[in-house]
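Shared between the two complexes below is chain A, which pairs with chain B and chain C, respectively.
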Partner chain A sequence: MTAPLLSLRDLRTEYRTDRGVVQAVRGVELTLHRGEILGLVGESGSGKSVTCMSLLKLLKRGGHITSGTADFDGVDLLSLSDRALTRVRGDRIGVIFQDPMSALNPTMTVGRQIVEVLMQHRRIGKNAARARAVELFKLVRIPSPETRIDNYPHEFSGGMRQRVMIAIALACEPDILIADEPTTALDVTIQRQILALLKELRDRLGMAIILVTHDLGVIAETADRVMVLYGGQVMEEAPVADLFAAPQHPYTRGLLAAIPDPRLAGRPLSPVRGSPPDMRSPPPGCPFAPRCPRAMRICATPPPMYDGTESARLRPTQRSRCWLADTNAPAPTPEPAE
Partner chain B sequence: MTGASRLPLMWLAQRIGMMLLTLLAIITLTFALMHAVPGGPFVSEKMLAPEIEAALNAKFGLDQPIWRQYLNYLGGVLTFDLGPSFKYPGVSVNSMIADGLAVTAQTGLLAMICVVAVGVPAGIVAALNRGRWPDTLAMFLASLGIAVPSYVIATVALYIFALRLGWTPAFGLDDWRGYILPVVALSGFWMSFVARLTRSNLLETMSQDYIMTARAKGLPARTVMLRHGLRNSLIPVVTVLGPVVANLLTGSFVIEQIFALPGIGRHFVQSITNRDYTAIMGITIFYAVFLMLMILIVDLLYLWLDPRISYGDRK
Partner chain C sequence: MTRPLLELHDLEMHFPTRHGVLKALDGVSLTIQRGETLGLVGESGCGKSTLARALIRLYRPTGGRVVLDGTDITTLGDKALKPHRRRVQMIFQDPVAALNGRMTVGELIAEPLEVMGIGTAKSRRARVAALLDQVGLGAEAADRYPHAFSGGQRQRVGIARAIALEPDLVVCDEPISALDVSIQAQIVNMLSELKRDTGLAYLFITHDLSMLRHIADRIGVMYLGKLVEIAPSEALHTAPRHPYTQLLWSAIPVPDPEARRDDAFETGEVPSPLDLPSGCRFRTRCPRATALCAEVEPDLTLHDDGHAVACHHPLPAGSTSHTQEERENA
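Let's look at the complex of A and B:
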């Protein structure tokens, strides 16, 4: 495999709030290859969004990156100044956000919102930028782009606004597109259209996508590789087919078991019991241990990240942060009968 | 900008109709209240001979039934004639307002310029430096400006700068320095108010999602704030500026009294103690019309500031 496009090592991000320091991300490692769609999945507060936003230092007030390196094409993003980062943001790395209703400036035409990103990063005149904006609207399949470009965001539906957001993020043909819950605020049919569009654009333009979501269905449909986050750490990482076929981490299993199965309609759902840890004082060992049905005494000490070369229990491309992947772990118990 | 095509003529016509109705209500109410107060323009400590009082009442139509007086007055208003002053012989209320306004509008306009030119930038600077010394300083001064009444500011400033230091004249507007203290005293409160409002709205706007989008586009921090933050945060500021203009341009009785300025605010209060019926009515009408016009202008400004607002499809 060729050298990765992005390689994030030991990222730690914390938020200083009035009620204490929240350790949002605790040592996340992430590798992204060209043209790949990497899914980051986890529940709210698992650190998936903060991980992405840390890459571009787009943190809300109080957020600080305390350690880590993010090698992107030979440059460490995390050590760049804010000024230097403005040359990466929107140009080499584009971002789309969760809520297209609020992510566009309500008092500016969508055309201007695209033109401004083009004029920021490209030596390009206003007319050329406008022509390019029309082209981008065609690319994301917004009908009658020549007239729609002069509309304001409130004149678009939610799905169309998300297309506008995608057009803005792709305007400068970035190497990476960060899609932070891009379909969460949309209804299901629109959701599918947007995901299909993202996949198609990846195929046509060849950029890599980091897709953040809490929805395993979205991951199954879209991603090539998945990382499951919990308590600010990566719990498991695998190609999408492997993750669904043979989840290794008990948390991943819990998530998969929680997906409603239409064949079992009428039976109670099986949620992951308990609630996520307080990230102001996360448990010293595995963050999932307090909720884990298979927790052992050793789980009070932080498990290493096993990969297929260390543990015969994992496939070569799979990684799991669980003592159960250790070769000394007790033999796997049969799946719970639920 | 599609502002012109969004200008709703039907709405405007309705609005002006409503303004006229409001004005009629104000005239009627003021007229009724004024006549309900005991006394009259020609009743004073120094008793006039009854025949002189009767002659004066006859001259100004005060001997006629009240409904007659009311209709006569309305007729005058329709022709923009606010009638003669009862107290100052030979002076019409129209010219009284014009003279007073000439003084008041000068200080008022300067005060207004201060409110916008100092208040808004101070708020922006404070927001840009949130939590650092420029913010603390600006908000300290603004809190002072809001908490300390204008007449205290006026009196203290007058004592220090006019009396002790002699930098400014103590009264009158004969020289440019005469404007400084009245303008500061007049604008102090609103300047502080606008600075605080600008700051809090800008900070509120800067936590919106589209600001994150603007940052994610790689725009420099300053561009993000000025291009995406400011416009959206100015809408509430514009809302208060309408009434502020009306307030400042129609004068402050207290400030005009302290600096001995012959402005419209002074006329207003004097006309009430004098029971100068036409002057009370005239100045009230003038103030009401001015305020309604300002609010109308603010509503029209919204169209330009916020494309989401439209008055066209209102039922």
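Let's look at the complex of A and C:
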């Protein structure tokens, strides 16, 4: 196996707020390989977005990283100076957000915004940068690119604006593209276009993508490997097919069971009971324990991250942070009949 | 057939803008029966939220009629409308965000009762306690403030407030979109129970098509201010007849990696509602469009039992959609 492109260890990020300290990320580990699409899935407050924004030190006011290392091609991103990190951002790591309008400058044509990125990171003249901008617009399939690059952000639809954002993020051919809920604000037909585009660009350019989403459908359509986050921690990690075919963590199972199944239309859904934890005072053990139908007494202590070598229940490529993955855990209850 | 609870006849809501007339709703007719859940889907700008606001008379429609249980309420003034307001209530994406944050949950839920002059302070308190129980919050929630609640709990407060006046119809505008997946199912189950227990009807507006299939009896599909197809929920999913419905269905991400589709999906975008295509509004994105579609706007026509479609070249009845096929095979 080749060395990972990015290796994040023991990331902890906090937010100071008027109402106390929010422990947003509590020891997240993440490995990303070249050319892979890693899905980060979780609900609001799970820590999925903060994990990504910590990597780029793009934290909102009050946020700070209290521990962790992020080895990116031999360099620790988390210990870089702001200036050095700025060089990495936009050059080797691109990022797109849920709302492209907030990331684009409304007073500047989109073409100029791409040209600026290129001239900042590359020794390149204005004309060459403009030609490259047109090329990028073609790459993300914006119709009539030669005229569209002279438009302002508000002159684009939501879907086209997200394509502009992708074009800017790809301007310097980054090794990693971080996509934080890139289709959440878009209509479903536009979402499918953008997801197809991301997969195609990965195939053509070979970059790795970290895809943050709350939508398991988007994960199933797009990701190669998935990490499920809850309460600021990774609950389960597996190749996408394994995660859906044989979810191990009770939280993953609960999430999958809550999706309406067309074969059971009209019957009550199976929600996860209770509410997510208050991250100012998360539960001492497993964050999911208070809502978990299979919680045991030991779940008041933090479970380790089991992998396939430590647990007879897990596949070699699967990991689960649950006491049920321990070889001494009680046998799983039989699955309810389909 | 008994009289429908709600009838919309050729409902029209045109807004004048600097750039011309925005035809947010351009002649929509539909009915909702007592105890029925009618789902409404469509992409942004299709007019589904405008329809909701026009039918609860937050707007005064610029054309057509809204008939509630036999009474035409299209042009009634505030005073004449008051007795009818009780019968139709609304749930929003974040109900509490629109409400006074200085009021306790109990006060918020009692407010509609007070406005309508129903009961005494004491009987209203008892009613609030019963409503809180009904939505699974417990009577003790009455003295707390909404900001202390999670998103799912706040939606329960919104629902308690909406059902306080025992309405016949509740209009739900994206009621679960802002909620986490694990909480959405809680709210949807609760809405189903309320319907079963009280016999109320819902107009359920959402972009979550798989959830809609789960809860709706019938589903209407809107595109650029028009209703393009309406049918029983199951028929609309397994055998859509309008090419737009088929496009929508095929775009839903399927939560099953085995059914993954890796094809490019270039189907264009919705045209500007200020510059509508001639003829059929969907023709610019439609694979079946012909010269006829550019000239003549198709009417919504009832094709077979309960399945109506506005298309010159509808898909054959009983054809199976792509997504459905994949799901069954999975």
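To be clear about the criterion, the second predicted complex is superposed on the first by the 334 of 338 C-alpha atoms of A that agree within 3 Å, B and C clash if a C-alpha of one lies under 4 Å from a C-alpha of the other, contacts with A are read in each partner's own complex, and residues count from 1 in each chain.
The criterion applied here is as follows: a contact is a pair of C-beta atoms (placed from the backbone, for glycine too) under 8 Å apart; a residue touches a chain by one contact, two chains touch by 3 or more.
If you're wondering where the values come from, they're calculated on a predicted model, not measured in any experiment.
Applying the stated contact rule after C-alpha superposition, one finds that A:Met227 touches neither chain B nor chain C.
In the superposition on chain A, A:Glu200 makes contact with chain C only, not with chain B. Contacts of A:Glu43 after superposition on the shared chain: chain C is touched, whereas chain B is not. In the overlay built on the shared chain, the residue A:Thr189 is in contact with chain C alone; chain B does not reach it. After overlaying the two complexes on the shared chain, residue contacts for A:Ser270 are found with chain C alone; chain B is out of touch.
The partner of chain A that touches more of its residues, comparing chain B with chain C, is C. Look at A:Pro262: by the touch rule set out above, it reaches chain C but stays clear of chain B.
Legend: residue contacts after superposition of the two complexes on their common chain; A:Ala167 is shown touching neither chain B nor chain C.
Contact with chain B, but none with chain C, is seen for A:Ala103 once the two complexes are overlaid on the shared chain.
Judged by the touch definition given at the top, the superposed model places A:Gly159 against chain C, while chain B stays out of reach. Shared contact residues on chain A (touching chain B in one structure, chain C in the other): none found. Residues of chain C touching chain A in their complex: 43-44, 150-153, 180-186, 188-189, 192, 207, 209-211, 213-214, 233-234, 237, 247-248, 250-267, 269-270, 324, 327.
Residues of chain A touching chain B in their complex: 56, 58, 60-61, 82-83, 85-91, 94-95, 97, 99, 102-109, 116-117, 120-121, 150, 152, 154, 165, 168-169. Residue ranges on chain A touching chain C, taken from their complex, read 43-44, 141, 157-160, 187-193, 195-197, 199-200, 214-221, 240-241, 244, 254-256, 258-260, 262, 265-266, 268-273, 275-276, 291.
On chain B, the positions that touch chain A within their shared complex are 2, 207-210, 212-221, 227-228, 231-232, 305-308.
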